[in-house]
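Read through the structures below before going on.
Heads up, the next two complexes both have chain A, just with different partners, chain B and then chain C.
Here is the complex of A and B:
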């Protein structure tokens, strides 16, 4: 087994908590946070349930001490909120002391602001600033500015695997010696854009999402942001830093099937997991817990389940669960919040329950773990699969 | 990393109602719009792929070019490790504008998910990947102009690091019915057909 890249800090905000501790507490105590939507006026309000962060935009402005004239989108605000926590958690006081970068994932960017001002900004020049924060890169720039990062800043947008790819890119930049330290993760706020988009695709559930259940009806959207601090072994040693866990494997593969669906046998998912095992030098049987993508759409869970069965062939599939019943599917942030949950699983030796599960799927014999379980966890595999067939797998290991 | 020499194998140019493959005109019709040109080209080469008709113009352009280069070298039921590296100047703007027009009227908007999925330039890479079942590396870049040095470098790195057996790279530009595609296949396998050419000289031919 290879050593992997050190994780030295984490920060998170999601519907189940405004900090790492609050999130972990919710996971332990089955406090899911799927509710009716409060912050967005939408015709679907009575039909859909979402994982919404209950802080309002003005509360976030206060938390971040932004000026009244700011043009932060909600995505940028929750991103900055989580990234600041991560930097603090890593004990970083002088951000540019080492070659430090930021790789931030998002899929909606500043869409919330664009939706608000789209029909008025042509005639009202004061509103243009809210449109100029639309692109994904603006979110990363704003977070970098809040953190004072002067090094590499870049954005990854590969739909629901975005944050996995940002963690993967960060780990590779550390491994290749291009950076000493990198803040990686993702952020996505709820927006009409995603609500209507997923609604049109008919993959939103009108109930609580039930991953890997035969009667699953689709996903609940969520909003969240999470960031990890990755540091080179040199920096870790020099500063005698505590390593929370390590990124030991990663893989990204192309499913080559459809713009918005996964192939029936999960070819891309299978390849992503296979590559991650190759990078880590681990065998499938070394994994103690799989945090599945498990969106609870008919298509994902079938495709992912089949891919897992292919990876494990005749071996026993380890305990697995989806944490999306707690948080909803947080799109470009999903792999980042699930990375935080994976590290917490390793640190605390817990398998999270796959809530809402009742009936096994008829296509195969795979049952997620449905109650909290304490056991030693050395390695966690976390899947994230995006539209466009962009499939990613991360493996986290005990340091 | 060993720096093996790489070779251009085949190249194709699509512009001005004409398709030129390895320097030879293989399809040419009287001036018409791209929708008509692409449909006639599809029929001329007897391509059997109905999904073609759902694609936006940029994807059709990239698809037609890659079809003639990749169909002879891809093998069904086998992994074809062919990386795709494409670039253009106008991204997916042609489709973006059409999509924007469909929602510009607050009282009467009609956005279509079938159009929306093409509002990213790299979707054309997905279409090529789906067509030829490529689960390989791919990337789409946006440059002011064709950037042969970048393309050569990127292709050579992919080939020399064994990330790909063959690289399909090039330029697929489409905006307001102005179009140009230039695609070529590169690999480490010796090929002296175009030994005095570079992707730059071929692009400018």
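Here is the complex of A and C:
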């Protein structure tokens, strides 16, 4: 096994908590947070259930101590909120002391403001400041400014695998010696745009999402942001830092099958996992827990399940669960919050329950773990797949 | 450590760049505030039935990537990495307008799907049946350079042998009207626009799709080697010279070693000073080139600059239309590209023969 890249800090805000501790507490105590939508006016409000962060925009403005003239989108605010936590958690006081970068991820960017003000820009000059916060890069720009980062700042947008890819790029940048330290993760706020987009694709459930259940009806959308601090071994040694866990493997592949659907045999997912094992030098049997993508759409869970069975061939598939029944599918942030959950699983030796599961899928013999389980966890594999056939796998290991 | 070579290029821009040699038919348009692509014959590359519903950015991306592959004598690659500022923005506009105008009813998924930023990279992968690494960067003016940096790092680390890397952006009418409202587009009344002596704010906007086949081996089709790519989110005007000198130094070069510098003048006087200061000082004795008067300003316009630099090194010719000063060199083997947008997202790209 090869030594992975050190994770020295984490920050998160999701529907199940405003900090790492709150999120972990919710996971342990089965406090899911899938509710009716409160912050967005939509005709679908009585049909859909979402994982919404209960802080209002003005509460977030106060938390971040932003001025009244700020033009932060909600995506940027929750992003900055989580990123600041991560930096603090890593004990960083002088951000540019080492070559530090920020790799963010988002799918909607500032769409939450754009859709609110789209037709009003021409009549209300006070709103014009929000025009520039639409694009995805503005989110990273704002977070970098809040953190005071001067250096490599970029954003990845590959739909629902985005944050996995930002973690992957960050790990590569550290391994290649291009950076000493990098803050990686993703953020996405709920938006009418995404709600309606997924609605037209007919993959939203009107009930609580049930990953890997035979009667699953689709996903619940959610909003969240999470960031992790990755540091080179030199920086870790020099500062005598505590390493929370390591990014030991990563892989990205394309399903090259369909723009929005996964292939029947999960080719992309299979290849992504295979690459991650190659990078880490681990074998499938070394994995103690799989945090599956498990969106609870009929298509994803079937394709992902088949890919996992292909990886494990005749071997026993380890304990696995989807945490999306807790948080909803948080799109470009999903892989980042699940990275935080994976690290917590390693630190605390827990397998999270796959809530809402009742009936095994008829296509194969795969049952997610449905109750909290304590056991030693050395390695966690986390999957994230997105539109455009984008498939990513990360492996986290005990330091 | 393996080196990164540009072995094929494909360019769709406001100029006729898809079946020409190198800007011999280029025309400077100094009266329009928004430049549109000079479109290729799409049906030569995409079945008309498929093309009908396809976003402009996807079509241009597919054609530009096909041109690059053909140019490199390649049929496939190990990875596809794209950059785009706003993705297929026309579809984002369409879907959002439908939501707002019809009270979230009667919506169809096509424009939602195409509005996803990684659609172009995904569609190219689908066409090529390329199951390799597929990333899309969306970070304003460094979207394309992020793709380049990623590609170069993976080639150097020997993780891949070949990458299709490109930058794609398209104009959307409503978005342009918002840009105008926000003062980002030149005022029509101020034309004719002169990019080098502009005293007014706002930029001439544009769109395009430019792709490159990057490989770890030199071959007959090679244009240039990508020596280094650097991205900085924020720099003050007075930090630029120091940044450039340090960047060159890490590559064992001095300013005098450069045979040309390509600057991203976009006619916005407020931020063109970033270029002008270096042009008048450290680059006073260096051939200076500019290009956004030909392709317009957009988040991935710097991919057009990389295309011009590649062509210059390969053909050893500098078209008059690109020249910002009269300094010349007997040979053009080492070229630096510097770009930024509104004082943010600075990139430095170094090419050599």
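For the reader, a short list of remarks on this structure follows.
Throughout what follows, the second predicted complex is superposed on the first by the 396 of 399 C-alpha atoms of A that agree within 3 Å, B and C clash if a C-alpha of one lies under 4 Å from a C-alpha of the other, contacts with A are read in each partner's own complex, and residues count from 1 in each chain.
Criterion: contacts are C-beta pairs under 8 Å (C-beta built on N, C-alpha and C of every residue); 3 or more make two chains touch, one makes a residue touch a chain.
A quick note: this is a predicted structure, and the numbers were derived from the prediction, not measured.
On the shared subunit chain A, the superposed partners chain B and chain C overlap sterically.
Using the contact criterion defined above for the overlaid structures, shared-chain residue A:199 touches chain C, although it does not reach chain B. In the superposition on chain A, A:253 makes contact with both chain B and chain C.
Contacts of A:135 after superposition on the shared chain: chain C is touched, whereas chain B is not. Shared-chain residue A:115: touches chain C; no touch with chain B. In the superposed model, A:153 lies in contact with chain C only, and not with chain B. When both complexes are overlaid on chain A, the residue A:47 reaches neither chain B nor chain C. Of the two partner chains placed by the overlay, chain B and chain C both lie in contact with A:267.
Comparing chain B with chain C, the partner in contact with more residues of chain A is C.
The single stretch of chain C with clashing C-alpha atoms against chain B, selected from 1-9, 181-189, 253-261 or 325-333, is 1-9. Chain A residues 119, 197, 200-201, 253-260, 267-268, 271, 388-389 lie at the interface with chain B in one structure and with chain C in the other. By the touch criterion given at the top, residues 80, 85-87, 92, 95-97, 99-100, 103-105, 107-109, 112-113, 115-119, 121-123, 125-126, 128-140, 142-143, 146, 150, 153-154, 156-157, 178-179, 181-182, 231-235, 299, 344-345 of chain C touch chain A in their complex. On chain A, the positions that touch chain C within their shared complex are 42-44, 102, 106-107, 109, 111, 114-115, 118-119, 121-122, 128, 131-132, 134-138, 140-141, 144-145, 149-159, 165, 169, 172-173, 175-176, 178, 192-193, 196-197, 199-201, 252-260, 267-268, 271, 386-390.
Across the interface of their complex, chain B is touched by residues 119, 197, 200-201, 253-260, 267-268, 271, 388-389 of chain A. Residues of chain B touching chain A in their complex: 106, 113, 116-117, 122-123, 126, 129-130, 133-136, 138.
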